[in-house]
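Have a look at the structure that comes next, please.
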Amino acid sequence: MSDVSDWWRTSIIEMEPGRIALRGTPIEQIIGKMGFAETIWLLVMGERIEGPRAALFEAALVSAVDHGPQAPSIAAARMAATCGIGLQSAMATGLNMLGDVHGGAGEQAVALFGACAGLEGSELEAVLADWRARNGKYLPGFGHRFHKPVDPRAPCLLSLVDAAAAEGAVTGRHAASARAIGALLAQQRGAPVPLNIDGATAVIYAELGCPAALARGFFGLSRSVGLLAHAWEQTEQGGRNKGPTPPRYLWTHDAG
Amino acid sequence: MSDVSDWWRTSIIEMEPGRIALRGTPIEQIIGKMGFAETIWLLVMGERIEGPRAALFEAALVSAVDHGPQAPSIAAARMAATCGIGLQSAMATGLNMLGDVHGGAGEQAVALFGACAGLEGSELEAVLADWRARNGKYLPGFGHRFHKPVDPRAPCLLSLVDAAAAEGAVTGRHAASARAIGALLAQQRGAPVPLNIDGATAVIYAELGCPAALARGFFGLSRSVGLLAHAWEQTEQGGRNKGPTPPRYLWTHDAG
Amino acid sequence: MSDVSDWWRTSIIEMEPGRIALRGTPIEQIIGKMGFAETIWLLVMGERIEGPRAALFEAALVSAVDHGPQAPSIAAARMAATCGIGLQSAMATGLNMLGDVHGGAGEQAVALFGACAGLEGSELEAVLADWRARNGKYLPGFGHRFHKPVDPRAPCLLSLVDAAAAEGAVTGRHAASARAIGALLAQQRGAPVPLNIDGATAVIYAELGCPAALARGFFGLSRSVGLLAHAWEQTEQGGRNKGPTPPRYLWTHDAG
Amino acid sequence: MSDVSDWWRTSIIEMEPGRIALRGTPIEQIIGKMGFAETIWLLVMGERIEGPRAALFEAALVSAVDHGPQAPSIAAARMAATCGIGLQSAMATGLNMLGDVHGGAGEQAVALFGACAGLEGSELEAVLADWRARNGKYLPGFGHRFHKPVDPRAPCLLSLVDAAAAEGAVTGRHAASARAIGALLAQQRGAPVPLNIDGATAVIYAELGCPAALARGFFGLSRSVGLLAHAWEQTEQGGRNKGPTPPRYLWTHDAG
């Protein structure tokens, strides 16, 4: 039998009465001195992030906060807000909808860029062909049926990466990898296949050395902002038991 | 500091290696010998339910399993099934939407029937007036904008209660209470205000001596059946990131 | 753009004002006439289940309702009940914890039994070796570190399957498959490796022709009973912010 | 029947193909130009926050990111991470545990400070007496059984508020209110009753003009950082089906 005292082991936080340290730094040296994005990186990754690298991380977090109530997660948070559960539970309802399909492409794109880093020509083609054989024809991080010709967030993010690479803050390898894949895709389809938001944030997470799985976690944090905003807006608008589409008949609070 | 061994105390289950007892009964005497509804009552209420009382409980569970994808909970489970999370998480997403507004009327109706039991005339009017002053004009368990003139489930359930009362299995007090309230409502509005499903199941839960809060819990168990059925049907239909309404533009799996 | 009216398509339920039909049967012919287990099968599987087959399904549902607060899901529901969220959200919190690891073995075992059905000797060995090469050394549905020598639920369930097979209600193929695997395991390890609850319920689900993925869904429905019972017991016991272990220091409701 | 197009109405985001605006500002003017905390405020509150006010908001978000695995929410996220569900669902499981009791004191404290703002002496005593008569003897935002003599986060946050008030960025009314209540409490108990983290962040949210209910929402966003960090740390540590306490017997993945 394990000792109770080590059942949960963590290096994230240390606490004694009157003392809290995050990753070894007393909380008094963090509050008011470190930004929210930097604190997120410290807590999750266990290291400091500063300067242009911190700016890249912050831009990635900022860019994915919302994509409107057509997204299942955002709609779910709004629906939940009309069902008589708390604000946090409404957020949790939406967050729980993020999975392999909804919000999962970022993780896959980080893995893809890593697998393709430094490759070109036939080597790159071989890796992409192998990826598709295992995962299907769509490459994560590219293309968007709504945002045509281009998702406005992607070029913004890529130019920030370029600037950071020019300063030597990141290598730019994964941005190059994303561009090489995009060029190959465009050639194969005979039309541009631009990077989308999942791809563009994945470039940042890959450049920052973040594990692929965490790209998904950071997306969840970012999107939680939109979940809160929409759950709150719906709460203030009111409404009861708002279902997914306007029913032909009004739905009442009495309906089982 | 508490002793670890009593941190969670339960009389629901006892286990030793090779032995499991639910509420004191060895599991071997339950499996194959007790129905699912009876087991639910045993586990949750801590006592046996049998004969006409068991039949009433089973009827209440059966009656509320589903109300279609217009209900936010059912829609949420279907949406979740297209987002790449597991079947249980899709069910949990829907179950989490049941709150004070969605599926909460049963609890309120049990409380209302209890408050009105045995009353009539001006006494009943006074209790209802007081209820409305505290909770708003709608009385839980009555009326339905969709099922007009009447929710088909309610008379079925009420007639089962009447039969059980005729056998002496329940008192019929709460059924009488529900009818008295309904009659008064009809008189006040000048039109019939029939009992709905929340009201009809609440009559059963009240007759069986179930705490009001558990009426909501049993509703959640019952509706979980519909959540599973719809999440599974949607899984088999496929679809990716199905939002709440057909968007004007197709939504892609790549969209952040 | 799709037509709104067919955005959600279902054959589970049909509704018009005053009319509800489940899988084509008017609800009035179900309430009071069909058991809860039979209704679950009807709604989820889209067909009637009766007689010995219905009894098997009911036994599987009954057998998995609870395994005590050491299980993460049950503990989570109790913890949630001390945090000030509703009863349904407490249940959902526990249900959401059921995943590939916790409660997922039933699905895997249905698949395993299907893959091994009718095999013996070297053919069976080859299939198991291949399974292990892909999934790791543990076979789903066998062995239990707590219930030694045997999980009391498993022999109960198997004997019900045997009786149903003797009546011709099921083929008994998957029970035979489970026994053949168990015998081979015992021979390989030089010690008995008994079927556990996931394995025993998987035998039933496989015999009933239920898709592997639904074995997990039915487990979720069954365990939801324990989630409700424990969340409710904890609610009545009280307690605030009960964490996972008795902390060295008491935790207060004020703690952020 | 409502028109589908206005079923969800939002002023949070506007989208057209190739265009996204948050609260009316094109996303290209936000990414790389606005911090994460400022973006959160913009999206949720619908207005810009800048300078010392933005710093206060950021400090509040930073201060509540974690309080270790003894907190039910954090423990639940870690437990979930051992059950085979995705990272986002593990986060959602923890977030869903935040309710009236766990993480709800901030909302109550904002309301309390608002009710007491500008009062002193017998007027203050009367308001507090009335509060306690309605809500129980504990005042939200004060006292901590773990952090004695004082929660280190509270004085940090209060001094930031004082500095901002000195600059005229906030009025300091709610900080004064919190101090007046604390002084009265100390006098009544004959011992210091320091502000805790819920109280200190509530001072900030109240000073910034944030509705009480949103204090809880912002706490959820903040704590989601800890949920992610702990779920990820546990994922990397491994473990299967980690329950709430080290059981006397090891628990296996096969256990139902």
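For clarity, chains are labelled A, B, C and D in written order, and residue numbers in each chain start from 1.
FYI, a residue touches a chain if its C-beta (ideal position, glycine included) is under 8 Å from a C-beta of that chain, and two chains touch if they have at least 3 such contacts.
Since we're looking at a predicted model, the values are computed, not measured.
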Copies chain D and chain C - interface residue numbers shared by over half, same or different: same
Remotest chain, chain D as reference, centres from CA atoms: C
Centroid spacing, where centroids are CA-atom means, of chain B and chain D in whole angstrom: 33
Approximate Å spacing (C-alpha centroids) for the pair chain C, chain D: 37
Centroid spacing, where centroids are CA-atom means, of chain A and chain D in whole angstrom: 22
Shared interface positions of chain D, touching two or more other chains: 4, 7-8, 17, 63, 67, 69, 75, 85-86, 89, 92-93, 96, 98-100, 103, 146-147, 153, 242, 244-247, 249
Chain-level touch network, classified as line, ring, star, complete or other: complete
Residue numbers on chain A that touch chain D, as the complex places them: 1-4, 7-13, 15, 17-20, 22, 26-28, 30-32, 34-37, 39-40, 43-44, 55, 58-59, 61-63, 65-69, 75, 78, 86-89, 91-93, 95-96, 98-100, 103, 146-153, 156-157, 160, 213-214, 216-218, 220-221, 224-226, 228-233, 235, 237, 242, 245-248
In the complex, chain D residues that touch chain B: 4, 7-8, 17, 85-86, 89, 96, 244-246, 249
Touch list for chain A against partner chain B, complex: 4, 63-64, 67, 69-73, 75-76, 79-80, 82-85, 89, 92-93, 96-106, 138, 140-147, 153, 196-199, 201, 219, 240-245, 247, 249-256
